[in-house]
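Have a look at the structure that comes next, please.
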């Protein structure tokens, strides 16, 4: 029984990371109807940046927040410089652009930080007061961080004028312009936030899996599955979806199919959701684009 | 127009959208013109003029051209995207390998099976996603590409796939043990001719289909889906069939690769191969059959060269190339060359290329 | 006195199709001007051109300042609020959120709250539904919401695109009643595009008549209304 609970807990921990990345994906999707295939590689790059700062002697949380800020700015810059020129092009063109970004970030990680596998520290010491045999310190801390991020995002979107403007820009860009919202900058803001959230995801998972340029490849896939499961236009659904996918992945891996087929689980999930219930659990809009 | 005030006028850089008209008459490999036949004969004789090593390269070039053509049909003509064609490449390869190794079938017999299996898989994968829109197809194929190596290693089907070791594939023997017209037809040369034959058939099929009604229907679906739908075209089915065909092409290429390389194994088909195919298709030129050749050249030359620079160089080069092509040469190398040719051939008659998008 | 709004030789284009041809329109501060014409005459296009949502050629000046190179968002900050055709409400947000968005560009928090209360006083139906999702409101209520949202900007110039469209006649009367009061109490200048010519001519000071993208007649609203020839040919009554 304990082993079952441990699997569930491990699933929640990785699920938290999926949830964060899924949140980032949905934020961009809501505003632009594009899926940012480069989200994982951007997160990996951010994590490397954090690693460099820590190596240079920065304290963990200093590096953490600096990385958040840098990632935010980076996300804004990418939207302005690379994504915006292709705004009105076909979806196919946009996917190609995102694949290009994926490749470039992956390459940057490799070129700047090399391919040696590195360890990334956790801010939650193993013997912290909240650690237990059931759930290790980093796991619980990571879930906590994730909940804080989700809560902060929710509060921002729900209770601040800027958050309201972002929502308006995503829902009805034409009308948003008519009330003076600079829609283009709202998109950039969305990208910045997504990049920062991705950075958090990277920094939470790195202690568990070791840091190398290909760290987020599989995670991105799970994040997509989570986003689809929760409803691709529903950020909170995506977060919940992340937890569900994480737990399911672990339980299936432990009890049903073994750990060899984990990525296949994601594939089956994705195709399955698209076939059976494309709007996911909580999504409202079923995309019936012809 | 002077004094034109504009606000956010769209610069449409979609590579595929540059193909407004049917491919121009300068396209090669079309109907059975004298030029085409001459080309084929020349290609068949080519290895005679080159050292042995090049036969292998030439075979690989043809094979990659078929693979990229498959993706080109999908992306260039139908405007869909697949980041997962490595899976179909693998399916074709494994299908052929298993049939030859486990069932002792001759190679040529495995080709239709490989095509059929890839088609079926492509159709089944495509259908749920294409009901919803191209971006979901991209997602589904992305998942497929990443899951493929794992699937191929799966213990339960190891009896068939050979697990991590894979399957060794033997090259079909040349039926000509003694020289023909003074020419020694080695196994390699024989296989090259086989590959050439397959390539010619597939390219001819593609070129003709795409120029005719079906091609126009595909383009109509891509550019005016609502109108096409209103005319009674069952969009998801047609799109899924197109995806299946595209998969079949790449599957056939995979089958050829099984023999050319000599074995199949799970790690030969990593997710990155899909990206390589995608980059090749875009750089070579979407929306023209010739683009597939340039894409094949790309695959033959660039990855090996890049890998020698550094482990990350391929990704960097691919990424930058993709962006450069999207901005400067939306129709890829093939398109750029065709524009150049048109301008050189009749400089006065050709207005500035109407398919290149300009800011008004 | 410089007109609040000056449009000179305005051409507008949808892609390569030209929709407006050399429009000249003046609107004096504090006045109500209406643009009339049949469907497709270019009335909505004119408003869109003002808000820089279509490509144009020519001059547009607000308070003497050239705005034809500015983006929509900047025009709004000059005090121009538009109630677009189709209302343009944020249907998935609440009534209150819609109003808040109207005041997005303003910094004076206390006054914003005051204005919101004033809107609720003017439009009691909105007050009843303040937390409801805007999409669940009736056509007329959404029209009121759209107008209220525009007013939250404290605009100098209010652009209205067919406010009577799809609204029950009683509500239309209510809406124009409120518009009249707004015009007088807040001294908001109004540019009104309307299908219902009779209604518009009664309400406005000045009228412009458009036909296939050109001004074919302009003048005092009462004069235009009185001209039987004009009414018969262009306004259908």
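Here the chain labels run A, B and C in written order, and each chain numbers its own residues starting at 1.
Note that a residue touches a chain if its C-beta (ideal position, glycine included) is under 8 Å from a C-beta of that chain, and two chains touch if they have at least 3 such contacts.
Quick caveat: nothing in here was measured; it's all calculated off a predicted structure.
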Identifier of the chain whose CA centre is least distant from the whole-structure CA centre: A
Label of the chain whose CA centroid is most distant from the centroid of subunit C: B
Two chains sharing the most contacts, counting C-beta pairs only: A-B
Interchain centroid distance [CA atoms averaged], subunit A/subunit C, Å: 43
CA centroid of subunit B to CA centroid of subunit C, Å: 54
Inter-chain centre distance, subunit A versus subunit B - centres from mean C-alpha coordinates, in Å: 32
Of all residues in subunit A, the ones touching two or more other chains: none
Residues within subunit B bordering two or more other chains: none
Multi-chain contact residues (two or more partners), subunit C: 53, 71
Contacting residues of subunit A [partner subunit C, same complex]: 161, 164-165, 167-168, 171-172, 174-183
Complex contact set, residues of subunit C against subunit A: 51, 53, 71-73, 76-77, 81-82, 84, 88-93, 97, 100-102, 104-105, 149, 153
Touching residues (chain side subunit B, partner subunit A) in the complex: 10-17, 75, 79-81, 83, 125, 128-129, 131-136, 138-140, 142-144, 146-147, 150-151, 153-155, 225-226, 229, 235, 271, 275, 278, 282, 310-316, 318-320, 322-323, 326-327
Subunit A residues touching subunit B - in the complex, by the definition given at the top: 33-35, 37, 82, 85-86, 88-93, 95-97, 99-104, 106-111, 115, 213, 217-218, 221, 224-225, 228, 258, 260-264, 266-267, 270-271, 274-275, 278, 286-290
